[in-house]
Amino acid sequence: MENKHIDSSFDKDLNKINNNLLKLGTLGLNQFEKCINNFGTQNLEEINQVIAFDEKLDELDDKIQKSGFEIIALRSPRAIDLRRVIVALKISTILERIGDYSRNISNRTKVLIELNYTDLPGVNIGKMGQKTQQMFEDVLESYTNEDDKLAIKVRNSDFKIDKMHTEYYLEIISSMQRNKKLAPIGTHLLFIAKNIERVADYVTDIAEQIYFLVNGKMLSDHRPKADETSLKIPE
Amino acid sequence: MFNLYLLFVIILISLLFYFFGVNNAKKLKLQNNKLHSLKHYYGFFALLYSLLPSLGVYFILTIGDDILFSNMIKIYIPTDIINSKDFNFTIALAQINNSVDGLIFGTPPAWVINAANIWKSWVIKSHIITSILCIVTSLISGYLGYSKINHNFRSRNAVEKIVISLLAISSIIAILTTVGIIFSVAFESIRFFALIPIDEFLFGTVWNPQFEGAERAGSGQEGLSQYGSLPLFAGTFLISFIALCVSVPIGLYSAVYLSEYASKKERAFFKPLLEILAGVPTVVYGFFAALTVAPFLRNSGSLIGLDIASESAMAAGLVMGVMIIPFISSLSDDVINAVPQSLRDAGYGLGSTKSETILQIVIPAALPGVVASIILAVSRAIGETMIVVMAAGLAANLTGNPLEAVTTVTAQIITILVGDQEFESAKTLSAFALALTLIIITLGLNFFALHVVKKYREQYE
Amino acid sequence: MSKKFLNPADATAIVKKSIKKRRAKDSRLKLYGRFAVGLASCFLIFLFYTIFEKGTPGFFQYYVTLDVNFDKERIDPKGDLSDNSLFSGDASKIVNEALFILIEPKGRKEKKEAKKIISSGKDVRIAKMVKQNPNLFGTVTKVKFALDDDIDSFLRGYIKRETPENERRVNDNVIKFIDKLNAEGRISYNFSDYILSGSASGNPEMAGIKGAFVGSILTLFVCLLIAFPLGVATAIYLEEIAKKNKITEFIEVNINNLAAVPSVVFGIMGLAIFIGIFGMPRSIPLVGGMVLALMTLPTIIISSRAAIRAVPPSVRDAALGIGASKLQTIFHHVIPLAMPGMLTGTIIGMAQALGETAPLLMIGMVAFIVDVPNSVVDPGTVLPVQIFMWADFAERMFVQKTSAAIIVLLTFLISMNAFAIYLRKKLERRW
Amino acid sequence: MNLKNDELTKSINTVGDVFVKDARIKARNVNVFYAEKKAIDEVTIDIGNKEVISFIGPSGCGKSTFLRCFNRMNDTIDICRVEGSITLDEENIYDKNVDVVPLRARIGMVFQKPNPFPKSIFDNVAYGPRIHGLADNKSHLENIVEMSLKRAGLWNEVNDRLISPGTGLSGGQQQRLCIARAIAVSPEVILMDEPCSALDPIATAKIEELIHELGNDYSIVIVTHSMQQAARVSKRTAYFHLGKLIEVGKTKDIFTRPQHNQTEAYISGKIG
Amino acid sequence: MENKHIDSSFDKDLNKINNNLLKLGTLGLNQFEKCINNFGTQNLEEINQVIAFDEKLDELDDKIQKSGFEIIALRSPRAIDLRRVIVALKISTILERIGDYSRNISNRTKVLIELNYTDLPGVNIGKMGQKTQQMFEDVLESYTNEDDKLAIKVRNSDFKIDKMHTEYYLEIISSMQRNKKLAPIGTHLLFIAKNIERVADYVTDIAEQIYFLVNGKMLSDHRPKADETSLKIPE
Amino acid sequence: MNLKNDELTKSINTVGDVFVKDARIKARNVNVFYAEKKAIDEVTIDIGNKEVISFIGPSGCGKSTFLRCFNRMNDTIDICRVEGSITLDEENIYDKNVDVVPLRARIGMVFQKPNPFPKSIFDNVAYGPRIHGLADNKSHLENIVEMSLKRAGLWNEVNDRLISPGTGLSGGQQQRLCIARAIAVSPEVILMDEPCSALDPIATAKIEELIHELGNDYSIVIVTHSMQQAARVSKRTAYFHLGKLIEVGKTKDIFTRPQHNQTEAYISGKIG
């Protein structure tokens, strides 16, 4: 924010919601990073931590929703300010959802550990997670810097995650087709992959919100989608 | 002098043109359906076109004829009479005029009757000529105006232009009056100062004018007359000072009381009551001062062994003081009231008492206006005439003792100029010089007061 | 910083300490104010009381009732009731005879003294009566005649019996006659016939204010006719039309200065210009009115301008905004709204003019004129000047007549001012 | 300058949609001076047919001054001088032989403070038609008055007291009376200079409601201090700053994504 | 809305967004209903219609988002008005998501048809869909009537869907464990069930928003959750 | 009525949190009459310590009237009569032997129109301390003036021209000068009656900023026409309607979920 409002308490309120959102973003990223790592390390304690911590994210989202609502009610923000608040509300909701996915992945990881899971051939959840994590990091940076170019880059890279997800999806089903014992593990892996894909989607949504924040309008072109899991049958 | 019938005729003609104009406009409207202005503007245009020039002619001729005749009549006065030593043209003219008007005292000389007859014949001729000229003018110019009316004619704009010119001319009257005043005072004053040196007039301490004719030209030493105006101004200021001593405290405290303390009812009652004091004619105050106050002062003075003149500065000053109370109280009351309520609220809001609010906020804020009101009262006191004429006496004493008789500038002017005067005498002329000085002083005060008031206004606007 | 803000509690304590003193100051100021207003009111009351006390008797005077024998031959020798005929008649003599019957004066000296008891207007009175009612001829009728001013003063007690005869203006003989008349109940104290209907007169008992009153009305009429339109027009021009430039500023300064010029100076101007240059006659209401008009012009202009200025600009904007021209705006809106203010100013200006004396003295309206003026070009005088002149006369009776005239004048002034106040109150608008 | 087309001799510094297709009023490079002081600096803008456009900007930026150029109300101020051209339907209103009187009848004006004449309600509305001679007879005049009052949404409140003074109405009613008065002379454009700033919120809302409706029949230019009001009533908004027209555009764009950062700063409450 | 705004165009704007939201809700419900029916009838044409129609929902959501944003910017709504707008924005987003799920289910149904699918034992997707559909209908009604009681009821009935989901989840995995050929069908069924469960979740979210709309505060108690799919392993 | 506790003899019709824990001012069943007309009807409310509370409501609802009860400014209006009790720190300010002078020194007031005295800036601020004799000597007085101006955020703008007249400042500066003047007598409570309604938006924002800061040291009661302003500056808001106190509560609650439907209607711009 280059210019300050004459009424500094407005700036304070805006800063607060902004900071909370950044905090939520960082926490969300942390959670996601951890749950991806844990998927590899299978550290049960840490997994439980991630699951327990999700509540904090929900609370923070609630707080942001409430304060955003109050800013709108009390301050009648306009132009960039209004975009900032509305975008914050939306991103916050998304981050909360991402948090949910992190918890869900963690839950499933826990089950997988019980099932003595090892990665299926052709499936690299960790890689997919790291790629998504990178997108997540980038989108947070683009929010911090209000960098709509980076946001567009992030958005476009979702393509790769989708592709990866389709690939893994088919591989997992193939594995299950080959070995019926793998059904529980496969199912959980399928959902984990789906979850990561969803996280990447949400990161893309965040990127779009950032574009809106900076430019005052939505990106008009249709985003290329490559997730074809619902369309494809493994051969 | 004035021919009212003729006036009526002119007005009647112009009214006729009004109706012509309106009718024409109606016709035009029927033809074209769209007129620039409303109908009656066309009528007014014709009316003004007819009326104004003829009125001009009328007044010029009516006022001009007397002046013209006065000059023309000179040749009908026998030369021997004109050359005689005590001939005065003004008086001769008056005699002739009286004779014309039928005011005949005794038997006037033959040449007067002769001249009067000639004059009478001129008057008749002039009446006829005036009538013809006026009526012709009004008809011609009226027709000219009427013929201007057509579709494209912007009659409203034209009428408005004329009316605005008339309004502008009215405002010139004020200038003319000033010019008139200066003109009437300045020339005579110059002549006076040619007779009496200006420094003697301004700084001389003895005022003793006598009719001596014009022979006392030049030096200030001969004869009995002395024209030192200092005693007059001293008297003027002495009386004004006494008046202020009475009016300033009473006026100011009244203003404060009325505007800040008095209830609405009280104020509605007392303010007009005090203003009555200003409405009482000065001659009444003079009468009051001379017949009631002065004797009272003398009587009470003698009770305590003081010798007070029957006409004293004190009597005039006191009464004048009473007279100018409302100037100070009303004007100050106005300016005090003009101090915005918000300032008082600010004061009360901070916890000041009423008197603190008044003395420290309201009065300082209103001070320039109050000062202006006092100055205006002073200038009024200095210019005041009747009270001093009737109560202060005519003795030009240079004294600071309020119990003695003094005289003032205005009183001297009056006494010199009322009644028959010899225009050439230094005594008569001295009145004009006094008037000039008086004007300068009051104008100076007025300028100052207005300046103060202007500054004061700027503060709130 | 050694001392910062006091804390509120300490501040309150400090404030409370000095509060009594401050309150006392408060009451004192109020007291002074009340005293001042009271004093001014006292002055006013005293002034009015004095005038009324002196003036009320001025409306009355002493009369003697005589039985007059209306002998047609002697009163109206030519028999046509013409002025000429009546003047050549013997009315005075008849009255004197009627008087002599009552008081029986002896010798020429006493008769001469006796004749003076009755005011000199007796023949005029008889003439007037018969003109009004020719039926009186041939009858013996009781008629009231005004007593001479000295007798009047004597009867009022201003001239005292105790004063040695050579020091009083009424000698013992006359006193004797008066006592006789009194004894017969012939002397009465009535409302004066002359004060309101008489004109200037050397005889105080016959002097009246009618001439001056009519003169005042005529003068005022001229003054109003000139000053009101000019004043209003000027005010409109300066306030609404003229651009603010050097010329208008000059005019404004001029007007403000004219307001400050002493009234006597206007008289000088009238004398120099109207009489000196234009050659107008002295003493006529026309010139008087013109001088007063110029004098009241600033008052009217200034108050009219104030009234115009008080019309809120929003009204002008409103009119201009729907396409009224400037003049339409002025004539349709500004003037009607400003009219009460203008009228108030004008009335006050007129009241000023009505009470003005000095300038009229200058232009000769001080002349002794017996006739009541019929038009603005007939010589005349005005009330205040009349008062001024009477105030200067030595006769005792003039003091009362002066006061009476003042009462009339004041009545007029106050009603004009009251009307102005009423007008202001009634038509005052609040925006 | 050639008034027939929109090509300008000077470049425009204003951001946004200065021109509209169906312009009634075209202001081109308008400069206004108070004596030596430039109060309006090279403003170029179109006012469309039947559009409600609002002028906003910080105090003293010249909104009122510019508004008053449209009906030459600035003529009433001695020291005010207007340069550039303003056309109403392609006719330059600053042309020498243009009479302001009919011009002002075509371009009505409503002022900040409700300013009914101190006359009856009827006479207030009838004044304009009377001086312009618009009514043929009395019943026609009555008709005009009734229509105007109805259109101004005041008829129901005052029809039983048309002869009572207009100044006796409440502030909001007075302002609607003034609008009725402006309408009565059948204007094409109505200028409003902060028409609600002297009114309470409820009266304000009523006037705004009225402006909405009138927007269907008239071009309305409204100056307002209140951004909220501009947002509520107008389809287009122009932002002035220090005598310059910074940005014009659709109101919703101005309020959600202004292009110029001065507009942004003003709209979002930062120092400009 | 009992009271009208003095400024009627504000009411107009609010009505517009409200009507659009109701329209979106009806369309969303329609889509969902159809996709559930199609799951039973396997009518390919209708399925394709549902898929194609989803774009309309996206557009409508965009419109609502935009107009809501503009109302906030231009009107500075407060109190109930503000809640209405904010809630409309949130519900619109949710409805759009529900539309996505309908499309996704339809896509998967298409694949299932190709795979010659029949319901697995113990799994009744249709029933689950109808239950959810009922909730959806109820929540729309509660929005229309601003009936927070009904909203709470809807919210609480999510419990049943979750339970059903867990049950089906386990059944499907069991089936897959029994018959490896069922892996593709099972996977799609799993995802369809999951999708329906998500729709029910979202309906619950809508219900919560309605509660907020009416009461100005969020429901404070924690919602009972019964979806244990991420935690459970089929015995 | 027993003033020592909050039990009331009459029931309260007001919705919301009328009472606060650390109340400085307690108004109990206050009625205000202008002659026969009841302008305030049974209002009961607490003003907390160091809180900023705003009074809102439609025009003429009695906000100003009620505000002016707190420092007995209503005493200056002849026809105004106050019933009920108002206590400042448990002392009834309408008690017979309470002198208004020290009371008003404790409860400062800032008015709608900036009203600096036509004196120098210094004298404006020094006026209060002078009449109350608060300063021991000249340097102390200078100190007070400086502190007050600093606290009112005006020091930097005027410290080089303390002797120039206060009326020469801009509107916003004048209003801050008035605040400084009020602060200079060490009040505990500051009453503000529409302090920004005569100011432009930027000046308004500065004053609001100032109110925020002062809220840390003083109890501030602010009457405002602008809901936005109430929303921005105050933590608590009281809604008045036709002389009645309808609802009091946290500002954010009043603006997001008012409880009384009259409040709702007013807040959201519907007819009450």
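Each chain carries a letter (A, B, C, D, E and F) given by its place in the written order, and its residues are counted from 1.
Rule of thumb we're sticking to: contacts are C-beta pairs under 8 Å (C-beta built on N, C-alpha and C of every residue); 3 or more make two chains touch, one makes a residue touch a chain.
Because the structure is a prediction, the values reported are computed rather than measured.
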Any chain in contact with chain D as well as chain E: A, F
- line: Averaging each chain's Cα atoms, the one nearest the global Cα mean turns out to be D
Query: Which chain's mean C-alpha position is the greatest distance from chain E's?
result: C
Query: Distance from the CA centroid of chain A to that of chain F, rounded to the nearest Å?
result: 50
Field: Euclidean distance of C-alpha centroids - chain A vs chain C, Å
entry: 103
Message: Counting only Cα atoms for the centres, state how far chain B is from chain C in Å.
response: 19
- prompt: Rounded to the nearest whole Å, what is the centre-to-centre distance of chain B and chain E, using the mean of the C-alpha atoms as each centre?
  reply: 96
Field: Touching two or more other chains - residues of chain A
entry: 5-7, 10, 69, 73, 76, 78-79, 82
Statement: Residues of chain D that touch two or more other chains sit at 101, 131, 202, 205, 228, 231, 255-256, 269, 271
Query: Using the touch rule from the top of the page, what residues of chain C touch 2 or more other chains?
result: 15, 22-23, 325
- request: Sort out which chains touch which and give me every pair.
  value: A-D, A-E, A-F, B-C, B-D, B-F, C-D, C-F, D-E, D-F, E-F
- line: chain B contacts chain F in the complex at 263-264, 340, 342-353, 356, 360-361, 364-365, 459
Message: Which stretch or stretches of chain E touch chain A in the complex?
response: 62, 69, 72-73, 76, 78-79, 82, 86, 89-90, 93, 104, 107-108, 110-111, 114-115, 173, 176-181, 183-184, 186-188, 190-191, 194, 218, 229-234
Task: Provide the residue numbers of chain F that touch chain D in the complex, in ascending order.
output: 58-60, 200-202, 205, 225, 227-228, 269, 271-272
Query: Considering the complex alone, what residue numbers of chain C touch chain B?
result: 15, 22-23, 25-26, 28-30, 32-37, 39-41, 43-44, 47, 50-51, 54, 229-230, 233-234, 236-238, 241-242, 248, 250-251, 254-269, 271-273, 276-281, 294, 297-298, 301, 325-327, 351, 354-358, 361-362, 366, 377, 384-385, 387-388, 391, 399, 402-403, 406, 409-410, 413-414, 417, 421
Message: List the residues on chain D that touch chain E in their complex, please.
response: 202, 205-206, 208-209, 212, 228, 231-232, 251-252, 255-256
